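What follows is a single structure, written as structure tokens, with notes after it.
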């Protein structure tokens, strides 16, 4: 739990990431021409970690912003603030990335309002520029600037989806949960548990993901399994850790909680 | 009624709390690694009191904020205010907790808008950092910082539920009403009534909670029983106290109020 | 019509109020421990007058605010205003009550938005404190502070009802229209009419309240009867006064107005 | 067309008004005790003119405000404005009426949002006071202050109606179109046409009002007939004047316009 | 294309307009008494041009504002702006027209919100005054002031229609497309094409307007035909001009575009 | 990827554009009289590039703004900003274009709110002027000013479509995807791939566009094919490039992705 990404650090330390498919190759090729990238995948599969890894590998700064319903384009581009009786322009995170040639990562893009997504269009096609209407200027993106956005296809709805005119400006990469051996290694590394505990946690995760006709809206993500490992490292027994970080987190329904509890009991080694 | 939690007090006095299950063990284990916590449970079962107790035991400051529909991320993170012709940044409660390493308790999280919940994401995963976009900085959480949120599963609805991408970042603890002996002790301590009166109030609470096919949206909570005890301590007879603090508080329907009144009459000792 | 309640008056004059049930006893008991109170009852039955009476009896200041859809928590807590180039904090009515130990009466609470009701939660449980987030302080309630809210159960709807988590923090008192002899006395005192006229007005009110299968959304309240009495004191004949203050106020439907008119003619003494 | 009402005129000139029922008597009686009044009636029947007349007769100033969807309570009560670096409070029209003892007429009250109507409650019951929360003061209404509101029952809908708790604070007066002889006199006086033309216009109005199974949402109001008279005074022939001010104003449907045209041709004298 | 209307020109040049019915007579008669006018008619039939013509004939200034969803009453009446540390009032276009006695033309009135339409009520009845609440004054309209509003009846919907209480304050004039000879003259004058081309364009317009069971939401307006003429004057062949300015403008449906194209081919002279 | 358009460059470099139909002729003819233009066509077919090309050919500056839901008319026209204690007016992009005689391109116009589209009306008819209400002036458009708007007919919906009164002020040009030989040339030029690769990409695009009963909301645009070419230029193999830039971008559905993958395998040359 030592990795961190930040626009204020010159050399972010590379986080721990294990490649699963060709996601690294596609990211590298897109980085050559500064092509915009769209990451698709379920919650907790490691999208943020992947972008942090690539930014470290490519030696670029990373500026991350999470989309939400009340985000406005000014939150990305910048706004005037009052200082000493004067209005002073303060760059938003997107403008800072455009000026400095950083990677700009807009997480959960479909949560944002349309003005937020439309403002990135001129940066996501051949123009590679950011019109800052309130300053009356158009900023060309510095070399190295790259746009990365992400979303979870499982959350798409009629009200919230990615506009086609936005979506088709992006090279798309699909990410999923890692295979057992890689997931085990990730859990052990991130939560500090031993290999055997990590193996047990992966077994729990797989059992829940493979449930037939599951009533769950989400399955047990790698992130949840890391949290369970963290509780074990904090001194809790494995069963209670899994019940708190996985079972209780997945459902509020007493019947489902009980059924998941039985499944977990069957999967975990007898204490 | 002397306990209080506050960010301005260095050493909050521990409130009265009686553990029921493994909630204390899970909280302690999560506190070791600063893992975020989600408390689930009905209204009035003691969630706030539990967090106050743990903060006192762990020797940490506690900053509490109640979620509501109109809360914005600026209410949590901070905003610029005008002072002497200059805009001066004023930290919000979340930022103060991040800087000082306090426990930050966001009560009734599903009442808040999504921008409020999204703003806590980077604090609720491996990053443990708070991007303050309007300052252009990213603050690492000080050691000791811990995020605690709560909600009442019974209030979940289509319009208001916890986003899966938020929910699965948290270790979950389920809380319920305490068993009779503990509840009796809590009521007596909090309202100042004698043991016999407390026993009678617990009997009223249990009778209402065990109603078959209850038309009530909520049952009689520990908090309601403490209120009834408080009226008795204020000089009111027990029957009128229960009618005011429990029966009239549970329903506006004349038939239901009458039926509950009869139930109470049957349960309470003859005067 | 000389009574008035105000935060700027040190000694408000007690209004005219006639107790009907145990509402005075419950209020007094709740006042001992500062327990929060919820008044339930139809429009015009005297809720406001009852609170004014109790405030006078208990010797406390009363600060009254009527809930409405556009009320924000800042309207209750306070806000920054610009004075001489500086932003100066101005306490809202709730904060003034908290600091001075007054009774704070939030009338028609279900009309307010949720942020308004959530802001009173920490004042309505064991904490008895008001977090003023924009100042970064938490104010303990001064001795004597008491929260009183009211609503009309008949107005409850899916869109507008009292949140359970708010409601069960309050001791509830149900109020209704007074019995004939008390209502007659109230009308005569408030409107200045003689006993016989007051008796006739009470007869009109009772006749309308006892209508079978009434198509009216509301019945004739004590307030309406006082208004009719006021018109008589202003020189109008009784029949026209009742038609204007009661019949025309209860309905716009020509048929219903005619039927009510006939009912009134039958009840009132021949001129 | 010389009458005008204004808060800046000390002695408004009485407009031309002809009483139809007991509306003048009720208004006078209500004025004795300052009881609040609700005027009900169709568009264009003379509600505004009636209030202007009574204000002149009673020798009081009249302040008129028309309700609309975007009106806020600040529009009525007042707000802070920035002057010379200071925020200066500026009274709204309601506050000016409260201080000066004027008649305050809120036209089309159901168009306003609820915060606008709730703000008048303490002025519409025994308190007769206006809480100005932003100043932290409660203003008693000066002698002579009277509240008058109006609405058109035909416009009532689920979304827009008068709250019961507002409505039953008011003495209600129902107004309709005047009988032929009075309407003729009004039209001649206001538009400057001769008696014969006024008689013809009244005949047109009556014919349209008496249509069986009329497809029109509104009927021909006194106001429309005055407008038609005004066009005749401006030099237009009577037929074209009626077609422009009445027929074309009542409908956009070609068939209805044709049918109304034939009706008008039959009613008007042959040229 | 040289005509223009403006509030800053003392003597606007009269645009080219050809009267079709009695619209000029009604406008002149209404202007005598300053009666408010409502223009009804389809898009592109010449409503704006008609008002410009009448303003020029009457020797009055014309101030035109187009209604839209986000227009507020402040956009019409005026607002305070900050200048040199002081708030300075700046008149809106309606207030300027009221003070100077100009014609105020509110185009597409149903697009505006209700506060915009309600603000004109006191100007549209016998009062002829504009209450400027934020200044605390009521301005009488200067002689010559006249209110003109317009809308397209075909656009009326449940959500957007003219309030009856607004509508019936206005004298109404219905406008349509001009007959062929007048339309030909208008097209030739405005677009600069020769008479034969104008005749061909009128033939195209008539053919489309006379389609049975037309699937089009709008028909070919005079404005569209002028645009087609403008393309011819710019060097384009007649067929391509009509396809661009009429056919492609009327529909996006491939089948309808093809059918209209065949109709146009049949109507236009062989090249 | 070297072209750029900007209002701050005096001589924008002409981008690469290949005419397909008569779009260049119509644009030239419209430019003679400054007639407003509406471009219709699917996402990614080259609308923006076309406008850039014509601006360069005509020697005019180009100012581009993308419509979005939260755009206000002030974003186009301008606003007051606070500088040195004074409010200073800052022209918006539309006002700058009007003053300087530039081409103003409003992309995706149906995304904008109606006040944005209504504000361009006086610029889109015979008036050719921009009323700047907040300044109280009306600006005539400088010679050379031309309005161009665009939208994608496929996105039309009940909630978002172009108002008829807006639409029929514009000469319309329909654009589609270019024929294979032109598309091949465009892809090779823009992405830097060789002719054979470009031919393969065009084959992929055509195969997807010609699918019968396609479940896709959009087809493979020229822009997508250029992105795939860009990945190849960045070092990725052709199959993976097409899967990332075309297949994964077109759908999130596993079955559709698999089916498109098979189609692509069949179309692409064996490696």
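For clarity, chains are labelled A, B, C, D, E and F in written order, and residue numbers in each chain start from 1.
As a working rule, a contact is a pair of C-beta atoms (placed from the backbone, for glycine too) under 8 Å apart; a residue touches a chain by one contact, two chains touch by 3 or more.
These figures come from a predicted structure and were not determined experimentally.
K.L.:
From subunit B, how many touching-chain steps at minimum until you land on subunit E?
P.N.:
3
K.L.:
Just grab the chain with the largest centre-to-centre distance to subunit A, centres being mean Cα coordinates.
P.N.:
D
K.L.:
Copies subunit E, subunit F: same or different interface, half of numbers shared as the threshold?
P.N.:
different
K.L.:
Report, in degrees rounded to the nearest 5, the angle of the rotation taking subunit D onto subunit F when the C-alpha atoms are fitted.
P.N.:
With C-alpha atoms aligned, the rotation comes to 120 degrees.
K.L.:
Any idea how many Å lie between the Cα centroids of subunit C and subunit F?
P.N.:
Each chain reduced to its C-alpha mean, subunit C and subunit F end up 60 Å apart.
K.L.:
Using mean C-alpha positions as chain centres, tell me how far subunit C is from subunit D in Å, no decimals.
P.N.:
So the centroids are 30 Å from each other.
K.L.:
Could you state the distance in Å from the CA-based centre of subunit A to that of subunit E?
P.N.:
Using C-alpha averages as centres, the distance is 52 Å.
K.L.:
Send over the residues of subunit A in touch with two or more other chains.
P.N.:
Only 82, 85 qualify.
K.L.:
Mapping chain-to-chain touches, which pattern fits: line, ring, star, complete or other?
P.N.:
ring
K.L.:
Name, in rising order, each residue of subunit E that touches subunit F in their complex.
P.N.:
Contact set of subunit E toward subunit F: 1, 3-8, 15, 43-44, 48-49, 64-71, 75, 81-85, 90-93, 96, 107-108, 111, 152, 155, 190, 217-218, 221, 223-224, 226-227, 230-231, 233-236, 240-241, 244-245, 248-250, 252.
K.L.:
Give every residue of subunit F touching subunit E within the complex, in rising order.
P.N.:
22, 25-26, 28-33, 35, 38, 40, 72-73, 80, 82, 85-87, 113-115, 118-119, 121-122, 125-129, 131, 133-134, 136-138, 140, 153, 156, 164-165, 167-174
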